[in-house]
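Below: a set of structures, written as structure tokens.
First subunit A sits with subunit B, and in the next complex the same chain sits with subunit C.
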Partner chain A sequence: MRAMKFRAWLALIAGILPATLAAIVLFLAFYSWPAMHFNGLGFVVRDTWNLGNLYANPIMRHGTQVQPGATYGILFLIVGTLLSTLIALAIALPMGIGAAIFLAEAVPERLRLWISFFVELLMAIPSVVFGLWGYVVVIPFLGHHFYPLIAQSLGKAIPFFAAPTGSGYGLLTAGIVLSLMIVPIIAATLRDALVSQPASLREAALGLGATRFEALWKVMLPGTRKTLIGATFLALGRALGETMAVLMVSGNALNYLPHRIYDPVSTMAAFIVSQLDSALQDPTGLAVRSLAEIAFVLAIISIVVNALARLLLLVWNNSQRSVVV
Partner chain B sequence: MIPLAPARRPAHQIRLSRRLASLTGWTLTGACLFALAALMVWILEVVFVRGVTALRLSVLTTITQGTGGGLLNAIEGTLVLSAGALLLAVPFGVAAGIYTAEYRFTRWATTIRFLADVLVGVPSIVVGYFGYVGMVEWLGWSFSVAAGSIALAIISLPYICRTTELALRQVSNDLRDAAYSLGANDRRVILGVCLPAALPAILTGVLLALAVSVGETAPLLYTAGWSNYLWDGHLTHSPIGYLTYAIWNFINEPFAEANALAYAAALLVTGFVLIINIAARFMLDRRARR
Partner chain C sequence: MSMKSGPARRRASLVLTTALALCSVMGARAAMAQQRLLETGSSLLYPLFNLWVPVYTKTHPGVQITTQSTGSGTGISQAMSGIAQIGASDAYMSDFLVKQHPTMLNIPLAISSQMINYNLPGLNRVHLKLSGPLLAAMYSGRVRYWDDAMIRRLNPGVRLPHEQIVLVHRTDGSGDTFIFTQYLSFSTPSWMNSVSYGTSVSWPAVEGGIGAEGNPGMVNACKGTPYSLAYIGISYKKATEAAGLGEAAIQNRAGNFVMPNPQTVQAAVDAMAPHTPRNERISLIFAPGKDSYPIINYEYAIVNAAQPNAATAAALREFFNWALSPIEGNSERFMTPVGFVALPAPIVALSKAQIAAIH
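This part shows the complex of A and B:
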């Protein structure tokens, strides 16, 4: 009897986790409801974010009080978020896979622990410190030395990479900084999976005459494909919602779709931070509610991506174990 | 046991193209690892060299004045906010972790575990904006310690839950069997036997959660606000400073003394986070070796 009561209490307290998640989603939906009603589905396909004439008297449109000329669209944010995440993944995936392979297969076991700990410490570095590093040293370095080089080589063939390369703030910089923040997720998960592959696999491959690298590349690595996909989704979720570092290096473009990879962009997460102050100037409050709509969309996207990642890792690995990142 | 080395062909019998491909593979993967380590060193170098140059005793002992002065208010605020977050998150997180570990095969435990993992992935700015519209605006707390601490608690809650669960799973089932066979009930077994055995690992998890909340910025920007003064002790209606805001805000100022404050704050935050992570690693390592 007593034991049942203890268990029931624990179950009840544990319910705070689902309750928190539900509270976040439902409250953001509830709060942004007037904005959703006013913006409609066009919210995600319009590329203009305009608070309207803030000095005029509010007017009624579609049953909502708005400032004249106000339109809220976030297409440029969706494009910025997707492109920067895509660039980050394009860099982080090969780099993470390479680092994991070398750590698992080439580094002696005693050193492996310490080197992987050092590299995975990247996960612990706060986002705003990545932003500081990006802002202070990476932007000048890339803007002055690296981007002109890409523009002169790759830019000759592909217009998306052509000059002008701008000041260093922008899409590519955001992608590069983001990639460094998600590489350890991929590297750590894949290294774990590679180390825990049965040694007999490698021995069988070597016995058939494969070189060590061939055994790894053609036998060991394919076995970790599912873990890799799960880890990639985790990294994707992290990159989509990353705020401070992107805010500090992306150039925070407004109502602008990037034409070149060096152009300034903004992401949904960074935009919420950079626009709240001006949204508060809107006397109807619709701008603040539209920002809440962005937060709601971002919450839904990240919940779907993370749920997918965890499901993949859970079902495929058939284990309860998961990396807390 | 030494595994038998498989018979391998001497290198000259393997076709040159295959040997070259392997060599290229090792070189490229090695380069990836080297690049990653080098970038880590670069970040640490920037933070530590510039931070140490900027750090003075007065930074630690005086409060911020305009774009200069010190960081005492921010240091105090970071400690207050993180302590508040832990105070809220630890009881709930540990209890949830106990449930998901000890009743791990129930459907509710599976659900909690899954949702904790999903909550970890919710962007911190979403939690921050939820805190702004929910607590600062709707409940009318304005920028405050309460709103900031609750936002941070939401971030650390799933970490603490998951690390507690993993810690309890390390406890041998023999211990549980022995306790049950002596006639103990669930409560005695969990609180009297399993929890003490897992305590060091749980504390390590709490420390790591502390490191996360010290390094967070986005959840605090629009819940805690910023203040140049020391905390006045009010839970609501009074903004408070914190170190990560100083990094973000003062690096954008055109004044050298403001930038110096940003570097000093970055050094303090990064140093603290690294020390906790390294300490946690040593603790886990020692336990694993025992």
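This part shows the complex of A and C:
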């Protein structure tokens, strides 16, 4: 009887978590419904966010009360979010894997503890601190010294990297700051996985005549593949939803897609924060509901990304099993 | 009480004394910690409030005023929601918002103006001449380079570089955006018909354009970005000068190019202020007159006439009357450092009539 009661309690507590997720998504869908109805599917393919003339009287359009001229489209936000996340991952993955290998293999035992501690500490730094540092230090440095260099070298071959390099506020800066925020997630998780690999694996590889590098690359690392994928998607989730740091360094572009990697962008999360107060001035309330619709789209993207990660792991497991058979 | 046994009575009296003690402590704190007022909003008005508040609270120890620079959009919305008692805004509320929130007052406290700044290495000491239609063409992407024929025509003899113009605009809901886009709207019909004006507008898509938070963010973005163009409130003139930014002479309705200074702003005030209605919601942009500076505005306190209690209402009335007094808040001592101009006497009278309605 007591065990039953205990189990019921556990089920209830465990059930709160998925219920919260469902509640949030449902709330967003419910709250942004008038906006969805007004914006239609064009919301995700249009490139114009326009609150309309806030000083005119509202008019009726498609059965909804709106400010004249109001259109809501967020393609530039979706593109900005995905591109900055992609750049962050492209930088963070090699850095994170390298750092993890270094920490697990190359550092003396006593130092390892300290360095690992610092890597994990990096994870605990609030994002606004990264943002401020990006704003004060990184932007002037990149904009004035580093980007012109890239434009002169890479830019000759790839137009996406060509000059003008702009102000330092922009897509690449956002990607770099984001990457620094997610490197520790990848590095710390992967390091733990590497360290916890059975020592016999390495010993066997070395015994077969593999070099230290071969043992690492062909035996140790493949064993941590699942962890790496998991950590990568965790990092991806953080980068997708990051708000403050991006808001401070991205240049907050409005209504246009980046043509160069240095161009200002805006991301969905940052846009919600920066536009909430303006939206509150829309007497019809449609602007706030459209912001909620952005949040809904962001939530859907995050859920889809995580589901994809699960799927990838599942497929991987199956294929590995079939190889063994 | 007499029915109760000894220990119970003792407990009851203990509770009573504790409660009494707590009450008296809280009462004493309330008497000490006084009336709290929160001001939030316009980053243009923020420097003036920061000059006002220390002086005011020294002579009025019963009030504590907190100031915040969050943008006029926040000022209006937080005053409406009651989070802030004073919403600072460079923009007045729209007709429809006032209809929705009929107890909200828009009270002018001072007159401000706006600079058009640029960062053109080597040319920042030159006051470029810019007109409304030219600025509209720049901000809508039709004029993309600094050596465009349209700019050269207004600035003969200036060696302009062939560099792309980097447009800076405000990200937060902003009264500076409101008055800047009003200037573009009133001087350029095509802008009025497409983008129009507001505290946040849908800026035309021009590659490279940067969004910045608050006037400090505008100064910083313009300073850090060569060949950029920005609109910045006059109370940040010290900051733009320290950053070495250029300041443009702007074309007024009469066709003359003028810089913002007390004389040109006063000329515009003289032309526009007599039209001020009793609710004082009026644009002063693009005033007639040969010397008038075209981008000036009332700096508003957005206040709810219906306050939750009489003490708050009284504190607000007292503070605003002090702020409007020509020998106190509206004196040269406060206006000059931030580049503002004091309200003319008839406008002070209108504002005071509105203040009297706060209850």
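Everything that follows uses one rule, which is that the second predicted complex is superposed on the first by the 280 of 325 C-alpha atoms of A that agree within 3 Å, B and C clash if a C-alpha of one lies under 4 Å from a C-alpha of the other, contacts with A are read in each partner's own complex, and residues count from 1 in each chain.
The rule is short, and it goes like this: a residue touches a chain if its C-beta (ideal position, glycine included) is under 8 Å from a C-beta of that chain, and two chains touch if they have at least 3 such contacts.
These numbers come from a predicted model, not from an experiment.
In the superposed pair of complexes, A:Ile272 makes contact with subunit B only, with no contact to subunit C.
By the touch criterion stated above, A:Gly237 is placed in contact with subunit B alone, subunit C being left untouched. Residue contacts after overlaying the shared chain place A:Phe160 against neither subunit B nor subunit C. Applying the stated contact rule after C-alpha superposition, one finds that A:Trp316 touches neither subunit B nor subunit C. When the two complexes are overlaid, the chain among subunit B and subunit C that reaches more residues of subunit A is B.
Contacts of A:Asn255 after superposition on the shared chain: subunit C is touched, whereas subunit B is not. On subunit C, the positions that touch subunit A within their shared complex are 70-71, 73-74, 76-77, 94-97, 100, 164, 166, 169, 171-173, 196-213, 221, 224-225, 228. In the complex of the two chains, the subunit A residues touching subunit C come out as 47-51, 53-58, 69, 71, 139-140, 143, 164, 166-169, 251-256, 259, 263-264, 266, 274-275, 277-278, 280-281, 283. Note for the complex: subunit B touches subunit A at residues 3-4, 6-9, 14, 18-19, 21-22, 25-26, 28-33, 35-37, 39-40, 42-43, 46-47, 50, 91-92, 95-96, 98-100, 102-104, 108-109, 111-127, 129-130, 132-134, 137-138, 154, 157-159, 161-163, 166, 185-187, 190, 211, 214-218, 221-222, 244, 247-248, 251, 262-263, 266, 269-270, 273-274, 277, 281, 285. Every residue of subunit A that touches subunit B in the complex is listed here, in rising order: 2-3, 6-7, 10-11, 13-18, 20-21, 23-24, 27-28, 31, 94-99, 101-103, 106-107, 113, 115, 117-119, 121-122, 124-133, 135-137, 180, 183-184, 187, 199, 203, 206-207, 209, 211-214, 216-217, 234, 237-238, 240-244, 247-248, 269, 272-273, 276, 288, 291-292, 295, 298-299, 302-303, 305-307, 309-310, 314, 320, 322, 324-325.
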